[in-house]
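Next up, some structures in structure tokens.
Shared between the two complexes below is chain A, which has chain B as its partner in the first and chain C in the second.
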Partner chain A sequence: MGSGGMVVMDDNNCMVSTAKFFLEFTADESCGKCVPCRIGTRILLDMLTDITEGRGNEKDIETLEDLSRDIISASLCGLGQTAPNPVLTTIKYFRDEYESHIKDKWCKAGVCRDLCTFLIDEQLCKGCGACLRVCSSKAITGEKKKPHRIAQDICVRCRSCYETCKFDSIKILPASAMEGKTKKLLTVNSELSTKIW
Partner chain B sequence: MVELTINDKKIQAAKGTTILEAALKNGIKIPNLCYDKRLSPYGACRLCVVEVEGQPRLFASCSSPVAAGMAVKTNTPKLRKIRQTIIELMLVHHPLDCPVCDKAGECDLQDIAYEYGKPEARFIRHRKKAPPDVRGPLIELTSNRCILCGKCVRICDEYQGRGALGLIGRGFSTVVQPAFGEILECDYCGQCVDTCPTGALLSKPYKFKARAWLLEEKDTVCPFCGCGCTLTLGIREGEILRSIGKENRGVSNGNLCGRGRFGDEALNYIADKLKAVSGRYGASAIGAIGSHRCTNEDNYALQKFMRNVIGSNNIDSSAAFGYAVAEKAWEKAFGQKDHRISLQSPLNKDAILILESDPSITHPVFGLNILRAKREGACLIVADSRDTKLTRHSSQWLRIKPGTGLALLNGIMKVIIDKGLFDREKASSRNIGTGFSSLELTLKDYTPGVVCRVTGLTEEELAAAAEKYAGAKKRMLSVTLSITENNKSLDILLAAANLVLLLGDSADALQVPAEYSNTFGAYHMITQNSDKGISEMFYDSDSLKALYIMGEDPAINFPDSSKIISRLSSLELLVVQDIALTETAKSAHVVLPASGWAEKDGTFTNTEGITQKIYKAVSPTGKSLPDWQILRNLALTMGKDLGFRNLDDITKEINSAFSLQPSALSPQPCFNPVHYTTGEEPDSEYPLTMVIRDILQHSGSMSTRSKSLDLVVSEALLEINEEDARKYGIPDQSHVKVSSRQGAVYLKAAVSDEIPEGAVFVSPHFPHAKINTLTRFSANGGSGIIAVKIESVK
Partner chain C sequence: MERFRANVMLCAGTGCVASGTMKVKAALQDELKKRGLENEIKIVLTGCNGYCAKGPVMSVYPDDIFYQALTVEEIPKLVEEHFLKGRPCQKLMFKEPEEKSPVPLMKDIPFFKYQVLRVLRNKGLIDPEKIEEYIARDGYQAAAKALTQMTSQEIIQVMKNSGIRGRGGAGFPTGMKWEFCSKVPSDVKYMLCNGDEGDPGAFMDRSVMEADPHAVIEGMIIGAKAIGAHNGYLYVRAEYPLAVKRLQLAIGQCYEAGLLGKNIFDSGFDFDLEIYQGAGAFVCGEETALMRSIEGKRGMPRPRPPFPAHKGLWNKPSVLNNVETLAQVPLIILNGADWYKSRRMHH
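Here is the complex of A and B:
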């Protein structure tokens, strides 16, 4: 991953957030002497932040790549010359993730909290109650053996229930999946979820 | 020499030069924002990147040396693209307030953005919102406009030796700030303002005065000190709005004026009076004073007027107090005339000894070279009672008691002789007249014990200084001597010359810079070869009945004001010809308004003996005329022709009358043993020693007329040590009455840890402070250390 280190990840990881994490580090480490690194890393970080918070736009991927290359060529020392690598590598191998963040406002890994909705698929839910117990926000309700529900206005999208459910009944959908319905208690039937998948 | 190609052009460049320098020298432009040829390479803005064939990485041309066979490209599409990005990044947080920014029109950032920038801005804007720092008196820092090129920080530290600015913080939040975010308190040299490529650092007095493109620029010579720097004046509609330095020169914001009434009436009156005085008492009852503030042509015209029209040879200038004394020492010690210094002389020296002077203040460019020599490895020994910029940068600071420099020199020589650190044969053989043996005899009394008691040093300090100085291969000794300092006189120069001769050095090893930009010139035009000088005219007898004063203010500038004023008011005719209504002019019968230095053409001769032209930058105010022209008109009124009609005529005459070349006298070195004599010793009634010293922001009563400098130090200060302030109950910034046996003045106290205990320091340059009320006249130059008492004024 860029700076020479290697990072092993599975599909529980959001690549945009990963790149952002690295840039947070380098923008902080930049000594501030030369322009490309001092300002460039800050801009990269800002753009990645925007993408993970739903403010990305169509041209961003191209701009990120372009700016990254310029920072690499123009910086004074090794820090600036390698800082943008995580951006370039993640775009190279996971361009689709960037695209879904930007176009669909959807972080499929459920890491970017502004870009996901956690929903329980009624058809798959066995009503085992495991999710209800791990949810520290008390957003999940449901009777034993009956499909459970997530109250969207309480859910903080921490992913705990998703990781806990042994039956894969919890789905991560785009933030927009709940548009207009968020204030109500809801479960989603499988019809809707198939449509979106 | 190395051969390389830049943009396919074959180029020769000296080894070690950078690609950028080589390109610029050959007319190839590479954009840059953090490069300044006076500073060491920095490589921060990255605009100067170039491609080098066979190298995958780009090179910052400002910090990459040339190499043989290098093929450099400076303007490829790739480079243009990168420069665009860099500019785009710089503008990410730049306020773009060009419409209200004084830099606009001469802003490097603006220019480069115009050349490389593109209309679309891809990035999120981070407008910085720090308010401009307008707390400082002369310099305003708008950090929002700063691109962190670091030039200001580096010039202040590396070049000016001050280190008043720093880059604070890291990464994106880095800002330029005075230390600890305090108000910028520094030398106000303005170097940082001149070097700043943006409108981040600006001159406050010039703020909102004019857009850069409306200014007309004219070069002239700065009249404030002996260095004779080139200033570029910015002029709009005939008014000087600012002066900026070109390259390594200082800034002084000039503000000139001219007042008074002037007409034929006045000339007729003067002519009649002069004739009457001459008829009654003889021509020798008439005297004249010229000035270092006037051009060579003006001073020449004055002496010619005196000699040819009046028939009197009583003419002098304030050079009598400083430079003339140096000349006297020169003749006595080395048998040479025309002492001129070299501003470059400190460079390449191994040891430099400075005696009770701070050339970094009185002669800034000379001082900068001393600091540079120190940086390059010279051992800098500074003997001074007060903490100065030079003592802070010194290798050894000899904190002697005020006015004891001569004792120190004798002590050093004694150590050198006793330890055999010199070539005895050479020293004894080169004498004629007074010999080495008499020096040895005089120095007998200056044992380390005695010298240390007088100077307050330890014997180790004394021995170390003597050994270091005598042991160096190339040495230099410098003392400044002027009317504005009272801690040095002829004797210290003679002692310094003894040291030079003792060590077998040539006369160049002693550098005594002339005070102002034209002191050297004034001396040569006027002071030498006159009959009655200042000493006779003012202090000795009262045979003088009429006095013509051009560009000088004796009532303020000469020692013992009450004596001067009583002499002036006893005259039957006093004519003052000046650019402003001076204190002296108040006693005058006639005041003739003359043009200031920026209002006329002519020449100045600097402390190196180099004559430079100054050009008229603005038209004279009101009815004022150049001094030489007034004198010509007066001569015509008196029925005589001075024989010149324009400046060229005078210049020609000067060239044939005076050769400003070093004299061809065969040098006759000679020891002049001198004893240390104490000045006025403090006693129970007058317990403090008063030292008069230049402070940085003013170098003459001319610059006290500058509004902007007054913002920095608008009142004459009495600097006093903390202990003494406590002892005499003087709060900081309160008013004090200072009395000597001569008189009393009121000053504002400034408590400072730069001042030694038992002494107070004052600056001579505030006319209204009238420091010379306290001083006494001494024919040997300087006015002598005096004892004073201070009282708090409630």
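Here is the complex of A and C:
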């Protein structure tokens, strides 16, 4: 952003959501005087929202880039001239994340709730119960020292279990990973997870 | 003057206040009173130390012992151990995540060890609400030098030689900006300061304004002399109530001390300064929008040219500088352009 402030992130951050966050801010703060900034930032934001909610299509990345460049060249002040930068740079350095959001409907960081499924790898789970305790929607069940399970119809995909697990046994898979299978008590075994990962 | 055995520099930046500085201060006061130490130990509320994650923090001088993550419950023990028995309280000291032994001194903590403080030279060392403490740290020396010994051209030349560039992000050479404005003939000019810091997650202007408001004012006085302005505005966003309060106090103290107003330092130079509070629009950090906002109009940018150096606030020549840029100005005037040049980053 304008002043050159720095934000440090790791692979737990979804780059599409990060770009969306900055666009929410600039779309809100656009003063409305010039059209490219007023309408352009809104369209960018709508497109990013679509991508994060699973409605993206393959031409979106190109359109985002074109539109961003137009906004930068036609805006009156520094706000419009820099507002699309988060979009352009995230596409430049994290294009694969955009592609997996659009093509695979998969947010690998598990941030976009419509684009991920959380599953417990039976072979890695030690049954320590840490995830069970942090789950706010009580979607996780299981006995001590035995692999736990996440009930997909209750899970709200808040990431708490993923952040808590010390054994990396919670995997983030595409939302479609469980399609065609029973939606009740599901677990994933290592074969499935290695196949997808 | 009262003398104290030790000074407790309690951080009162917005971060530490949010994590409970004021409660800790009250507990500390009570406890010192209970132990009969209130005339020996002095509590000073300082500006932000930049270590907000472990707030509230404090350092104890003259020993320079640094305590972090203070709680009201720990205070009685701390007072008893440190101030009564003279044994610094290890429990509240900084520890490296992997190591067991605490690091007692602020200057040994990695976060502080590698910092070279210039803009924030007074952070944690002075009470930002007292002008005397700023003056004791060479405050207003630069303004005195600029107003009584230097001409406008000399000031601008020093600024140009130093190579300082705007710290708001765009990096425009400050000396050139001042020169453009100084060359425009006009009876009324304005010296403005941009404290409308609105980027998500950016707090550098806030920490300068909260920790050392007088440095910003001094920078503005020097800038005003350089461009020939007799009026100035400090545009600060209203979401920074502590910064507004401290700047307001500082301006009041300056008027009392004769550092603002008529005939500053007997030099015949007049400068009046007031605060204008921004109403919360991010775009008002843009210079032309900021000027419209001070005029009381809707804050919207306008195309340039004409540049603010020719037609700025109320269509009069104006200079707008970032808080951090202005806080550097006294240092450059006092230590010279070469000193600054030798320390700046190479691009």
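Here, the second predicted complex is superposed on the first by the 193 of 197 C-alpha atoms of A that agree within 3 Å, B and C clash if a C-alpha of one lies under 4 Å from a C-alpha of the other, contacts with A are read in each partner's own complex, and residues count from 1 in each chain.
The criterion applied here is as follows: a residue touches a chain if its C-beta (ideal position, glycine included) is under 8 Å from a C-beta of that chain, and two chains touch if they have at least 3 such contacts.
Quantities reported herein were computed from a predicted structural model and do not represent experimental measurements.
Look at A:R42: by the touch rule set out above, it reaches chain B but stays clear of chain C.
Shared-chain residue A:G78: touches chain C; no touch with chain B.
By the touch criterion defined above, A:D50 reaches chain B but does not reach chain C. Judged by the touch definition given at the top, the superposed model places A:K33 against both chain B and chain C. More residues of chain A are touched by B (comparison of chain B with chain C).
Of the two partner chains placed around the shared chain by superposition, chain C is the only one that A:F25 touches, whereas chain B remains out of contact. Of the two partner chains, chain B is the only one that A:D70 touches; chain C does not reach it.
Applying the stated touch rule to the two superposed structures, the overlap between the chain B and chain C interfaces on chain A comprises residues 28-33, 76. The touching residues of chain A, counted against chain B in their complex, run 27-36, 38-40, 42-43, 46-47, 50, 59, 63, 66-67, 70, 73-76. Taken together, the chain A residues at the contact with chain C in this complex read 1-5, 7, 21-22, 25-26, 28-33, 76-79.
Chain contact summary for the complex, chain B toward chain A: residues 43-46, 49, 57-58, 60, 81-82, 85-86, 89-90, 92-93, 122-124, 126, 147-148, 150, 167, 169-174. The touching residues of chain C, when paired with chain A in their complex, are 168-170, 197-202, 204, 281-283, 285-286, 288-289, 298-303.
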